[in-house]
Structures are given as structure tokens and as C-alpha cells.
Amino acid sequence: MIWGNRIRLTVFGESHGPAIGAVLEGLPAGETVDLEKVALQMARRAPGRDSSSTPRKEADAPKILSGLLDGRTTGAPLCAVIENTNTRSGDYENLRDVPRPGHADYTAHFRYGGFNDVRGGGHFSGRLTAPLVFAGAVCRQILRQRGIAVGAHVLSVHGVSDTPFDPTDLPVSLLDDLASRYFPTVDPQAEAAMRGEIERARQKLDSVGGLVECAVCGLPAGAGGPLTDGAESLFSSILFGIPACKGVEFGAGFSAADLFGSENNDPFLFDKDGAVRTETNHAGGILGGITTGMPLVFRAAFKPTPSIGTPQRSVNLKSGAAEELAVKGRHDPCIVPRAVPVVEAAAALAAMNLL
Amino acid sequence: MIWGNRIRLTVFGESHGPAIGAVLEGLPAGETVDLEKVALQMARRAPGRDSSSTPRKEADAPKILSGLLDGRTTGAPLCAVIENTNTRSGDYENLRDVPRPGHADYTAHFRYGGFNDVRGGGHFSGRLTAPLVFAGAVCRQILRQRGIAVGAHVLSVHGVSDTPFDPTDLPVSLLDDLASRYFPTVDPQAEAAMRGEIERARQKLDSVGGLVECAVCGLPAGAGGPLTDGAESLFSSILFGIPACKGVEFGAGFSAADLFGSENNDPFLFDKDGAVRTETNHAGGILGGITTGMPLVFRAAFKPTPSIGTPQRSVNLKSGAAEELAVKGRHDPCIVPRAVPVVEAAAALAAMNLL
Amino acid sequence: MIWGNRIRLTVFGESHGPAIGAVLEGLPAGETVDLEKVALQMARRAPGRDSSSTPRKEADAPKILSGLLDGRTTGAPLCAVIENTNTRSGDYENLRDVPRPGHADYTAHFRYGGFNDVRGGGHFSGRLTAPLVFAGAVCRQILRQRGIAVGAHVLSVHGVSDTPFDPTDLPVSLLDDLASRYFPTVDPQAEAAMRGEIERARQKLDSVGGLVECAVCGLPAGAGGPLTDGAESLFSSILFGIPACKGVEFGAGFSAADLFGSENNDPFLFDKDGAVRTETNHAGGILGGITTGMPLVFRAAFKPTPSIGTPQRSVNLKSGAAEELAVKGRHDPCIVPRAVPVVEAAAALAAMNLL
Amino acid sequence: MIWGNRIRLTVFGESHGPAIGAVLEGLPAGETVDLEKVALQMARRAPGRDSSSTPRKEADAPKILSGLLDGRTTGAPLCAVIENTNTRSGDYENLRDVPRPGHADYTAHFRYGGFNDVRGGGHFSGRLTAPLVFAGAVCRQILRQRGIAVGAHVLSVHGVSDTPFDPTDLPVSLLDDLASRYFPTVDPQAEAAMRGEIERARQKLDSVGGLVECAVCGLPAGAGGPLTDGAESLFSSILFGIPACKGVEFGAGFSAADLFGSENNDPFLFDKDGAVRTETNHAGGILGGITTGMPLVFRAAFKPTPSIGTPQRSVNLKSGAAEELAVKGRHDPCIVPRAVPVVEAAAALAAMNLL
């Protein structure tokens, strides 16, 4: 994948190959990058933290190959490589013949004529989101220097919901707090209930999906453009690049379909400092593809992890027979908490391309 | 806007300027284009048909400037221009100072330093979807030669719903029927109920939004790619380019967030002809960004038309005072029926880029 | 063709179709565009001026369809269309079977499976440089507001040479003077000698080629980038898009191959105002793909017009027999003078993409 | 740098950073890649072979991180990394203040605000051509499977010339022979004379430039496109990305400017097998930007190595004083022989984008 216009991201690697990585082009030179802050974001995405995720443990320590010198960007392409250390390729031998439901095994087979690396999902593995988080972690530091903050939370897991963002009032302190946590929710009790839901799925050898809600605050009014040059096209094009993402909505999103115009339109007003803002923010901070200056708010829907221990029906492409399949190996009963930093990273990359 | 990779679309024009248009590059040469079929799609999008839409009447007759000779594509860029004939610019004088809620007036002002053409919404007008429909109408004819059909329906208007598609069983005849109608619904009674809802909004000087569901059938398995090269990124990037679109989901989409993996995964099976298909189609025909060969199904959410006769609160950017605003002029109480051919066009353009 | 990154140009049209044109995207809003100055550049490129060019007369009056309001750019795509009025399609009937040497007839036939528009060269006609000149004429006005001037001259025609530019001392007044003339040379006597050479070719029913030398002055130091992001890649990619251009060199160019490093390196020095400049300018204003602040100077080589009245050997693709062919119609014995404004336009477009 | 459309190349790295590398996207899956053949091409570019180049020795062994499994491309991005092992950063301390004439020190300083990595030229080092050669070496193997061969020779060094290619008769065996040699010339005696010229420059602490001539044989007729989509734009955009390249010409190139049309046009004829070819090949295998099926032939001009031991005049940007500078370190008195495999690599990458 190569994505972006002003800031361009190249992502490479296969789950059980030597390494995965990212090249980030077009960054301004002289920007300070704190690698410890990058490492925190990498850790939020990494597996193995607790029973809500896979017990695989991966260090995911990015090695910077270029573009950073003495803690500052040089303006040259920034490349980071993450070695694949904890791989058990034996788990995946059967995939060429019997594709796992809900995975890319079947479709990649046709796309690449059977030459794709199937081990661990190869280039389609969720592991490929690690370089995305790396790149996003760099971008969010640069954004922060310009007064722009990114944060997200688990809005729901299998029907258990967190308190939604108030899109007209999103303190940076809230976003910062969320962006430092492993299972970020606005309501602390939501986390417990969601963890319970995930644990039940795990015990049933099943999995659950959920929603991530994300906000970008501090964007100036006037960024973006009309039609496909708009902020929604930009953000959605990278959000749908996150494996398992099947829906994206901005502001009121799908629920806007049920509103009257008089309800959905956000009235303009002057705040007490004389600045223009909107009273509500059904637009999610975007009108005509261009930022309003209000928080840019969106939600992304993630399907349940397709890898489940429960037996599933599939086909044997070689023998031509129906076959039953139970996915072995170590998998997340719910990837939504780990998807939060990935969504934030995607948002940071998109926001950098807006500026 | 310039959009696309294999097939590239340039759209230009402002609502009250001399003309709008499109340039379509990368089309194969020698493809037959039936301009009457193109005109039908243009007519489906055009305003003025009945009380569910604006009484403005526009011919929207595309004039082909290049790329087509004796009814066949020449391989050179295909350019069509649509003149703006029925414009009443007087209606829009006040917009520079008092931005309309829900419109791009405010954001475009900042983006273009006040130099944008505000008449009729300028380059942000829904009218700019006419060239999109033109381009899509050309693409859908080429797709059809390859056995690929596109069709959509109004899935809901302000909470009144049509029967959803069965994503495992979508006869081409259904898609063809929908793609020839002005208010396409699967259930004929849904149309009547929706029209009633729209008429109520119109009488209240208000507007309503809704959902469009679209399917692309006949795509081969193996089209698309991983991460941001995936079909979801491709389709969403053009769908969100349609004015008023605020949400996009594929297959089970947002509802997948509430399912178990064992429910959401689509089992593979051999059909009676020995071909592989999936029993369900929660994936919406896409796994790992690549087509499965099942119908590609998605939904797009459209907000209510922001132009409403009901008075709204806004600000006067010049005087610094709060101001009330009632949008005059001729507007759609609901753009969803007219959005259907636009969504189909976007889908056809995206599908061409998948091949 | 779609070209460019920051400023993107789409060119469409076929020589004997209804019209040709250009869409220019990404221009800053609020820039003044003087259409009379644009018309002057169009006139410099237009045929029919005197016996050094084809007697075809074309008005080449661009009609602006969008992106310009009250003489200023709106920030929306700027589209201009030029009608094809003076076409005699009968002249070209035989081309499908017997390709003209030196033309794209043969290659386009394979590229487009015989469906390309062959009339007047179709999309491969030199006429397609008219939209390029339009776009460049807009850009050069914007550049001029930023203190950047573009000018070029006929450096040679069939071995008859003009005085080359002094790349260390290029007054804007010289560039302005050249950029307003139809047969621009630094040395007035060169024009007369070159016209003689062209007239001799015309009388022999033959044609001649030549070189154009162009300079962009006023570019700041630090524009461009490394490797393929460099100014040379940018400029050459559009210059080689001009039909008949077969060579491009920057600064000392090919002659640098014969120099010692100690001769070719340009010593840095402080001028009397304390500004850094180079004593010589063999680099043509570009080091490492990035501008030095010295004049950016390059040369483009144009082959002789392939259309000649002299009989040539070709093949009949239908009959399989060798055939003799004399190109009828009205053609330029030398396109180099008319290529000067095209080269300037390309340079202006490239320079806009550098900023 | 990110370059290309169908096949996209990302190059990263700085001369004295941890590593340099390349990511190649869009390769077909299932292609065999022989890493020993890749290593041969890397070796041809690597320094330290003999006195005609720098005595620095670099292993330049590419480590494949992704995209290759069991000797075949997987279809995922192919990433290779080359470690920087033999670096002496102390040599370059002074460059921030006193820019070397002919180098990017001065221009990169402005481009990156002084934050660029100056050690060894950083991202502007000729060392960045190593990943280019890697990528080209992969592409040339894939091209060869399709009957397409690439080869180049040193056409001249400081005025000493080799026998030029006959562009109508280029046996694959000649290209293969050239593509395996370290100082490839058609005429063996030319090599000796050129080496003498280089040795004289070396002893004078000076450097010399030269020309590389390259051919791509076996391309089918009909590849490429009009205007900036043409083969010349494609090839030149990557060729000018090679550091020190200051001129590119196709076929007769600059010398076409001195020819009559009747001389320059290539007559079409049927060969003894009934295939169409041209008697001469002044077009260099390209008409209207599209391949003719004849050998695609071009020349690239390289300036003399800017690093010379001879004292040169420069400025001290910090002190504001004129200063004399003699470049220390280990440098090539002539980079042209090492540029040959780089030019071939660029040609292979461009040819892959034509198919």
C-alpha cells in the first residue's frame, strides 16, 4: 500500500516474513519525534497484554532506518522496520486448501494466483497495522505541535456501549487520557462490562466486534476540499484500509438519515470570545468536505475477529469436498480495544494530509 | 477533483457558471457507448421531475467533446460538458455574509479566502453530481459487456424502510429494473410511504434524509488488494465525494459490531455447479479488500437536504451579529431518490477501477 | 493526460472532434488572470501566421467554463475549451491503412486497437498543445505575482544558431521581450537566417527541426527534492509530453560530459549585496534536484515536422504491400518557433508545481 | 521518492544512517527472482572495484524483508534493505557551513531548513542508487521472462567515445554481454582509452563526466500513451532521478534538430517475415509516446563527479566569508561506468511501467 498525497505512507511486510515496516514521505524537516511516545502507541496495539487479546507476545520495537537524526526529522523518507520474532508457521499449513471463513485466504488466493504468503495471513495479517501505528504516532506528535489532538475510545463491544463523545465539547485532556490507555472508554464502567462480554466470547471459542469513536480536535476551519477531495474521502480511504473495518460514518452519520433538516443542520453562533462555532455538531466537523473548526468526529465499525475456535464450514479447494475447520493458534476474541490506537493513527495520518 | 487510478475522473464546474463537466481517462478503446442509456441515467438524477424534488428543470444534456467517435470510445480522454441554463443567481447574494447551516458556505469561505463562487453553491453544488452520473453511465455500459451489473434502491427515508437486498441472491433483472426507475424501491409500497414522508417534510418547509443500498453483481473473485488498496477504500473514497453522504458501510457493516464471529463469518460452500460461494454474505462481497465473487453490497447514508425554508440561526460574518436565515430558492425536500443514480455511478466508476 | 502533483493538468480532445481543452486543478484562489495576456500566448502558438508555419488558421479562443469569476480564480478547477473550427477531415482518410513515417499513426493503431480517431492525428495532434499553452499562460501570470519570470528563444533551426542564454545573467526584460514575440531570438539576425532555412525546407517540400532554450528566473533556492522528486524529473516529464520533443538537458547538459569537474562545478560566492550565488551556472539552477536560486535553464530538442510533401516509403497494413506516401494537407515546415510558447507553458506549469 | 504508476518504487535511506532500501509495489505474483543475478547487478554499481572508482568498499548485500518467498514474488510489496557498514562520518563535518560546489549541500540546506543529514551527502548520496539497482534487477528478470532485454554501455568519457549502438540491429547477446560487465563498451579499445582518461583526471585530483547509451529490446508495439503519458516522459522522469544526470535524449535526440524531416522520418517496411519495422530508428523506438516495436534507445548525460580534491571556491554561510575548499574523502574520478547498471535499472523499471 502507498497512501496519501502530501504525506505518503508505504507499508510492507508479511506476518511471518523477516520483518514488516513503513516508509513515511513528505514530513516536514526538523520536527521532534519522541520515540518513547511512539513506543507507547506501539504497545497499545501490540498483542498479549491480557485475556481480552491474543496471548502472542511481540516486542514490536520499530528500528528507524532513515529520516530521523538526533531526534528530529531530516526531511528524507522516514523508514521504520519491525522484526517478526514470535512466529509459529506450523499453525497455518492447511490454509491454501481450506480457506478460513471471514479471512482473506480465499480472495488472496485468486488475487495472487496462489503465490501469496499464507503464513499468519501474510500481508493481510492484522499485524500490518503495527507500521500504521508507528507512522501515526509520528504524525500525532507533529500535529500536537500545531495544536491538534487525536483520541478515540471503544464506543461499543457486541452491543455493550460506552458514553458517546459530545462532539461540541471535547477537552484535549480527555483525548490525551484516552490516547494513553489500553482499553479506553469514557465511562470506566463500560470497560468492565465490555471485558465481560469479550471474556464470554473467548470462553465460547467465539469472538465479538464493536465500534471505535474517534475525534480530531484543533483542526482549523478551511482544510479539505470538494467532492472526492473532501475530508470524508480522505479519512475513509485509510480507515477502510484497517483490516476488519466494515463501516465508517462522520458526525451524525447513519442516524442523520432519520433526522429532519431542521434537526440535523448545525446552527452557527458566536461564542463568548466572538469566534464562530456551531451549536450542535451533526456534521462531525466537516461541511462540503472541508473542516468547520469544530471537532472532527467519526466512528468505525469492526467486525468480530474471523479467527474462532468454533468449528466452521468451508471447502477444500483441492479435493472439492466440503470440510469443517476450527481455527487453531492464538487469536483475539475481540480486536476492538487494539483497533483504537490503529484508528487514531489513521486519523493522525489523514489529518496530516489535510494540513 | 481527480479520482481513480486505472480509470481517472476529473470533474469541473460551478453551479451558476457557464458549464460543468467531466473528463474520463483510461477507458479501453472500442467500447460501445449508447448515449440514450446515458441520457436515462442523467434524467434519473435531474431535478424537476415531481414534488419529491426541486421544481427547477434542467436539461442536463451532456455534449461529448472528445473520446467518442461513431458510438465507440477512441481511447483518448472522454470529455462531456453540460451547460448551466436554468440559473437564478439573484437567490444567493447574501451567502458570503451569512452562511447557511449545513452547507459549505462557511467552510469554502475559509478554504478559498472568499474568492469561491457562491452562486448556487458553486463548485459545492449537488449539481456537480451530474458529470459523475455521466461518467458512471459510460462505465456501467462497459461493465455490462463484462457481465457486471450495478443497481441500487432507496433503503430508507426518514425512518421509513424498503425491503433490504438479499446479498446472497440478487438477480440482474432486479438490478436492471431498479436502475431504470426514478424512485427505485424493492417493495412498491415502500415508495408510496416514503413519498408521503417527503411530502410532509416539504409542507413543513423542512427536509429529510435517508439511505441508499447498492449492489454490484458479477465481479470476479480476486479483484482489489490489501490495506488501503482494498475495495472498501476505493468505493468509500468516491462515495464520500457525493455531497451529503455521511456514512458508508459494506455487507453487515455497523451491525457486524453486534454479531459473534460465528454469526458474521460467511461459510464457504460449493453450489450445485461446483462453484465456490458463501452461504451468507455479511462480508458484502469483500474479504481482505478483495472481491469474493459474491455480490458487492454497501449502503450510503445521506443527511437531510440542508436547504430548508424553515428559519435557522446563523451568523453575519461581516456585522458580527447573530442572524436568522430562511433559505429561499427551489430545493429538494429529500435528495435520496436522486442520489440513487449518483451512488450507482460512483459504484460503476469504482468497479471499473477494480478490474 | 493528467499531469502534476500540487497543480494538476488534465488535457483532452482530438484534432477534428468538437473541441479540445484543459482542466487545471489546485490553483490558489483569488489570483488575477488577464485573459488578453492568455490570448497573446495562444496566438503565439496558433498556426497560420506566416510562411514559416502552416497556412491553417485557427482562432484558438479558449472559452472558460469554470474556475474563474470576475477575473479571479475561484479555487475550483479551471476549465477551458477550445473549439475545433477549421478542420478538413477528408485529408486524412488513408491513414488507417498506410501509417505516416514519424507520426503516431502506426503506434496508436496498436495502442487503441484501431479505434483511435485518426483525423488530423486525433489526440496525438500538435493541436493538443493549445490547452497546454492556455494552462501555462494562467500559471505564468500567477508566477509573475511571485517574482518569477519565464522566457524562451529559438536556439537553433537546422544548425543555424541563436546566441545562447548567459545562464548567470538573464534580465527579466529579456525574458519578457522573448515571451511576447512570434519568432523569439536573442540575436535579431538569427531570426532572419533561421527563416531562410525554414523557407528552403518548405520549398523542397521538406521540414527542419531545432532547439528551444528556456529559462525560469526568480525561483527561490530550496524548491524541488531528491531523486525522482527533483526539478529535472518534474520539468522533463512535461517537456517530453510535447509532441516532437526528443531531448531535454539542464544547464551544461550533454556538454557537461566533456568537462572536468573543476570546470563544471559552479563556485559559490557572495555578490555585492551579500547574497549567495554561483559564478557560473553549469548546473542550470538545479543541484540535487533542488533549485539553487540561479536561473533554471534548459534546452529541448524538437525533431523536424514529420508531415512532409516529399514522397516517403511506408507500408499498407491492409494489403501487406509497400507503398509510397506524400503527406498532403497544410503543415509547418518547422514547428520550432511555435514550440517556444509551448515550452514556456510547460516550464510555467512545472514551476508552479515546484512552489 | 515514490515513483511509478503500475509498478511503484519507494526509495529511502541516508548515506551514513543505519540502512538504505527500496519497496517495490505492484509486481505480478509468482515471478521467479534469482538473487544471484540481483547480486551481480548490485556488484556492478558498488564502489571499490578498481582505480576508476572510489576505494570505499561496500558489500551492498540486499536483505529481503518481504514480498519474496521460496524464490518467487508473493504479490505483496517487495522490500529490500541494504545496511550502511563502511561509513566515516568525520569526513563531512564542515559541510553545513561551507557547501561543496556541484553538490546538494547548499540546496538541501534551504529545502530542509538545515535539518537534513549531511553525512556523506545524506539522502542525496549516489549511494541511494543501490536500492534503484536492486529494484531494477528484479524488474529486468521479470521483463526477460516476457522476451524483453535491457543493456547499456559507456558511450563516452570526457570526449573519448565508444561505438554507438546501431538502433536497428541490437542482438540480445550484445545487451546481455554488456549487462554483465563492469566497464561495458561495445568497442573493447574504447574501454582502455576511457580508463586512461579517468586515470589522468584522478591524478590531477579532478573528475570527468560522460554519456551512457541504453537500449530496451523486445518491447511490443503499442505500449505507452500520448502527451505526458508517453514513454519519453516515463523514462526521463526516472532517469533524471539519478544523481548527476543532466540530459536525456531518445533516438536521434538533439541531433534530430539538425536533420531534414525526410532524413529523420523512419520509413516503414515489411521485413522478410512480413513483420513491420522501420528502416532507420531515429525515433528511438517511440512515436507519439508509444513504442514502435523497434529497440527503445536513449542516452543519458552525466556530469563529472562534483567531489574533487582540487581546491574550489565556496562560501562560509556562517561567517559570511569566501572560503576555499578541497573535498577530502574517497571519491570516484568518474561515476559513468558505475552509472551504467543504474541507467539499466531505471530503464527496466520504466519498461515494467509500460507493460
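As written, the chains take the letters A, B, C and D, and residue 1 is the first residue of each chain.
In this section, a contact is a pair of C-beta atoms (placed from the backbone, for glycine too) under 8 Å apart; a residue touches a chain by one contact, two chains touch by 3 or more.
Going by UniProt, the chains are A, B, C, D = Chorismate synthase.
Bear in mind that the values here come from a model prediction, so they are computed numbers and not experimental data.
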item: C-D, B-C or A-B - pair sharing over half of the A-D contact pairs; value: B-C
item: Relative to subunit D, chain with the most remote C-alpha centre; value: B
item: Distance between the centres, which are taken as Cα means, of subunit B and subunit A, whole angstrom; value: 26
item: For subunit A paired with subunit C, centre-to-centre distance based on mean C-alpha positions, whole Å; value: 46
item: Computed distance of Cα centres, subunit C from subunit B, in Å; value: 39
item: Subunit B: positions in contact with at least two other chains; value: 1, 11, 76, 111, 123, 226
item: Touch list for subunit A against partner subunit B, complex; value: 1, 3, 11, 99, 101-104, 106-111, 123-124, 128, 156-159, 201, 204, 206-211, 220-230, 232-234, 236-238, 240-241, 243, 245-254, 256-270, 274, 276, 278-279, 282-284, 286-292, 301-308, 310, 312-315, 317, 320, 322
item: Parts of subunit D lying in touch with subunit A, wherever the complex brings them together; value: 1-2, 8, 10-14, 17-21, 23, 25, 29-30, 63-67, 69, 72-79, 81, 111-117, 122-123
